[in-house]
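First chain A sits with chain B, and in the next complex the same chain sits with chain C.
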Partner chain A sequence: MCEGTATRLAFAVSVWTVIGFVLLPLSVVVWLSFFANRIISFPPTGYTLAWYARAWGVADFRNGLLLSLQLGGCATLGSLLLGAPAALALVRGRFPGREALSTLLLAPMIVPGIVGGSALFMAYIEFEVATDQQLAGTLPGLLAAHVLIARPWTVRLLTASLTGLDRAVEEAAANLGASPRRVFLLVTLPMVRPGVIAAALFSFVISFIDLEKSLFLVGPGRTTLQIAIVNYLEWNLDPTIGAVATVQILIITAALVVTDHYAKLSRVF
Partner chain B sequence: MTEVVLDGVSKHYAEMVAVDRVSLRIPAGQFVALLGPSGCGKTTTLRMVAGFVDATQGRITIGGRDVTQLPPWRRNTGLVFQNYALFPHRTVAQNVGFGLQMRGIPRAEAAARVATALQRVKLQELADRLPKQLSGGQQQRVALARALVIEPDVLLLDEPLSNLDARLRLEMRTEIRALQRALELTAIFVTHDQEEAFAIADIVAVMHRGQVEQVGTPAEIYETPSTRFVAEFTGVHNLLPGRVTAPGRFETTDGLGLACTASRPLGSLLGVRPERLALLPAGATADNAVAGQVVSLAYLGAVAEAEVQLPSGPRLLARLPAHQAAVLAMGATVTLGWPASASLLLEDAHG
Partner chain C sequence: MGATNPNRTGLLAVPAGLFVALFLLAPLALMFRYSLNRFAPGEMMEQALTLENYGKFLADGYYQGVLWTTLWTSGLATLICLVLGYPVAWFMARTTAPRLKSLLVIAIVVPLLMGNAVRSAAWMVVLGEKGMLAALVGALGLGERFGLLYTAPGVVIALVSVLLPFMIITLQSVLEGVSHSLEEAAMSLGASPRAAFVQVVLPLSLPGVLAGTSLCFILAMNAYATPVLVGGPQFHMMAPTVYQQVSKAMNWPFGAALAFVLMSVTLGLSIAANLLMQRRYRRWAE
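== the complex of A and B ==
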């Protein structure tokens, strides 16, 4: 029993260490976004909200945020449109190569962003050489990349929610006279709605926080928020960056909290 | 009231034959139980009638209409699932009303029919609940009401009682039977429980390895099982190999001469149900009387089971009233008797 207590204590300590390790930098960032100092330094000389106003005043941040939000929205839509049929086929279909297709569809999750980004960039260039159609640096090119990184998560979340769905309920509907279309609309969809919402929000977050792929594909005058931050950091080190990061943290946290409400993320990953 | 006919229906899964040339005529308004052990093809047969499994061969007609090629939503069958399969996001009333909604029944009429159906299963108070707010028994009633409200040509039930506790199971089976009679529905009920099948059905079809081995009323199946499998599955524990030597005479391989009815001329097995064996007091006689030693005793409440070792080799299992068995002791020598009419002659088809 004594040993049990010790084990549990060790477990609790390690869990809280990890949580602290994750949360500490985030809290420091939030904290220093209120510092009155011009240059980030300790201890703060006072506190102010001025950096938030200034952040909104920086055109790169403002436009970056808007572009990131738009991209996130469109990427979510795109990844749902592509991911939902894929998830259906993976869960319901019985065809040779299903496992391979599943691995292929989830692969972008494990390819490092820099590698994927440079690969996409080269592919776009090849495409341009072959067709004379520019993709790199254009909005469609960027959007396609974001769909690509969001879609595996959509597939993952929708697959999980479809797998847990009791087929007998759909059969009951068919037995009562519902055509396949009506079964899908009236029974399947409502049952997987939490999964769809979770997939949408998660796709949005994944697109929103992407830096590496976008780095290769943004064009002149068109930067995402992440890239705007990196660019800004190159020349400045004032609490503006803290204010921008805090806004980001809030957006992402909100999206994840809502996601978790619909699909327990701990059960999906 | 609709007649359902299965004509040489088979289902093959690659090499596996799940259902093998099943032919069954279910007269309108009759209650048929498909009875058999796990994996014998009961569910597959039922699902072929519902349209969820395509028959590899054969024809299924419902009310004279060939439905073999029809999709499930055009067959007008009412299927009750083992796990109820209610729509989780719909209330009880909406669950029951779903089939009417699909049929485009006007709202007012649908509401009235839903109310009637809920009344039939005594759930009118719970109309606005969600399925997850109901007990298992209540959920099963909703599932039943949902299948009944569409006035199906045939009611299909796949082990609908197996998730309920023993008392509720009895209650529900009586209710299902009463509803089926009142609505004059043709029904097919799948179960692996012999008592349940006998209690609920007009006709029992015993299935084994994808085939129907015997079709008959519960009494026919019980009194005259036609194969060794049917006999064993319906509780004929005592099977003695041997042969018929003369009309009404059976001689076991270990030399025991036994009496049987003369109506069946052939058989390589003689079977006796444990409940047909009786303890013979000293001096009493019976068509068949064999003496042996009690080797095991088990009290089951109202009855007790005793295993008796015969000197010639075989053991007989007897189910006796508990008060009779109370005087027995392990190792005691007893005489068991049974009438010739309780001797069942069987062919040893599945040796």
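== the complex of A and C ==
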């Protein structure tokens, strides 16, 4: 019995240690953001809130954050516009090649970010040479890349939510004389609303943290927050980065907590 | 929608499908074509139909070394993730209190999606010569200036922290499906907890182990931020090398070839692991 208790204790300790390791990077950057000295030393000599103001004062971070928020919002909207009908087709449709279509729609998740990013960059340049229309380094070019990577997650979350839907309710509405359009707007849509909210927030996070795809497509004066962070880290390591990271973590945590409220996060991956 | 023909419902996926074709498949096809062109300094490249870019990769020891570093770093990190992640996933799957469970999922998913740039920054702070780890080692009197930044072990540690949440969440969702009553049945028939785990839970969770290791390995092979920031300028992995060739050296044919080598090695190894495991699994089930 005594041995069993010891084993159980050792197991619990190792599990919580690993969870601590997973949370370590997050805790470190949050802690760092309050360090008083610019030169990082452990333990810190004191604490301050000044780095948050300084981070906002760095133009790359401020513009990067604003661009990433804007891009995330637009990419989410685009992903929903493309993804919601696609999810409906995958769940409700009975047609040959449905499996192949599903694979095609999820393909952007499988192709590595750097590979897809290089290919898109080359295609943009080729397009520019052919038509004199610039895409690389422009907002539309960046937006298309973000829709490409966010949309599969939209489809995945919406498919899950549509699959769990009780169709009898829709049929009842149709039997009572509602047109297909009315059924969709007044019955189907309200029923999948939690799924739509979860899909939207999750897609936003995917766009917000993207690094590899954006790497090729940002232009001078048009940098996403992730790229701004990488560029800054090449030459500097100070508590400013902690402040930026903390703000980013707060945004992401908020989005994910709400997502988890509407859809089981553990089932998303 | 209730009255529409389910065959026509498929048309709703056409815009999304076209989007993937236009922004993923066509660019990939174009890049593959470029990988057969010849590099011409000054004018980017000249039209050709040659395999010499792939040949250059095979002949040049430097790039072989980069691939080798990428392979062993990814393999090691994935293995460590499996060993560390499995108990946590099991613990999460067996947690019944809904509050605690939700909290645990958030505690794993937020680090998963915190962004690789920010995570790398954290490891630079921890592993640097004057970092947290060095301070800890110094305080314990075990040595001075103990830095792992810009070393291979440092990259493996940072990669493990990128991948571990993916491993845990994948394993957890599979272990969730292995009913606790199966373990109880085995134990009530006289199996020790260890035997119940090894002979019942572990075999049933193998598909999750496979899914988790494939996912982690693919992500590790294609990691960008971690090798660049934690590995430093002397540590070379494939994804940063592809970026360097395409974006900085402007050698598109060779960069394209490297990208396809990276993608085929990654996907090839995952598919091989899948097939191998499936065969094993079938034999096990019989």
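Note that in this section the second predicted complex is superposed on the first by the 251 of 269 C-alpha atoms of A that agree within 3 Å, B and C clash if a C-alpha of one lies under 4 Å from a C-alpha of the other, contacts with A are read in each partner's own complex, and residues count from 1 in each chain.
By definition in this document, contacts are C-beta pairs under 8 Å (C-beta built on N, C-alpha and C of every residue); 3 or more make two chains touch, one makes a residue touch a chain.
Every value quoted in this text rests on a predicted model; they were computed, and no experiment measured them.
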item: Overlay on chain A: chain C relative to chain B, clash or fit; value: fit
item: First, second, both or neither for A:A174, with chain B first and chain C second; value: both
item: Touched partner set for A:D166, first chain B, second chain C, both or neither; value: first
item: Greater chain A contact set [chain C / chain B]; value: C
item: Which superposed partner A:P112 touches (first chain B, second chain C, both, neither); value: second
item: Which superposed partner A:Q134 touches (first chain B, second chain C, both, neither); value: neither
item: Contacts of A:L90 with chain B and chain C, given as first, second, both or neither; value: second
item: Partner chain in contact with A:M191 - chain B first, chain C second, else both or neither; value: first
item: Overlay on chain A, chain C to chain B nearest C-alpha distance, Å; value: 7
item: Interface residues of chain A shared between complexes with chain B and chain C; value: 171, 173-174, 180
item: Complex contact set, residues of chain A against chain C; value: 11, 14-15, 18-19, 21-26, 28-29, 32, 40-43, 82-83, 85-86, 88-90, 92-95, 98, 101, 104-105, 107-108, 110-116, 118-123, 126, 144-145, 147-148, 151, 155, 167, 170-171, 173-174, 180, 183-184, 188, 205-206, 208-209, 211-212, 215-216, 226, 229-230, 233-234, 237, 241-242, 244-245, 248-249, 252-253, 256-257, 260, 265-267, 269
item: Of chain A, residues touching chain B in the complex; value: 166, 168-169, 171-180, 182, 186-187, 190-191
item: Chain C residues within the chain A interface of the complex; value: 1-4, 6-7, 9-13, 15-17, 19-21, 23-28, 30-31, 34, 84-85, 87-88, 91-92, 102, 104-111, 113-126, 128, 130-132, 134-136, 161, 164-166, 168-170, 172-173, 176, 218, 221-222, 224-225, 228-229, 239, 242-243, 246-247, 252, 255-256, 259-260, 262-263, 266-267
item: Complex interface listing, chain B residues touching chain A; value: 50, 52, 71-79, 81, 83, 85-89, 98-99, 102-103, 143, 146-147, 150
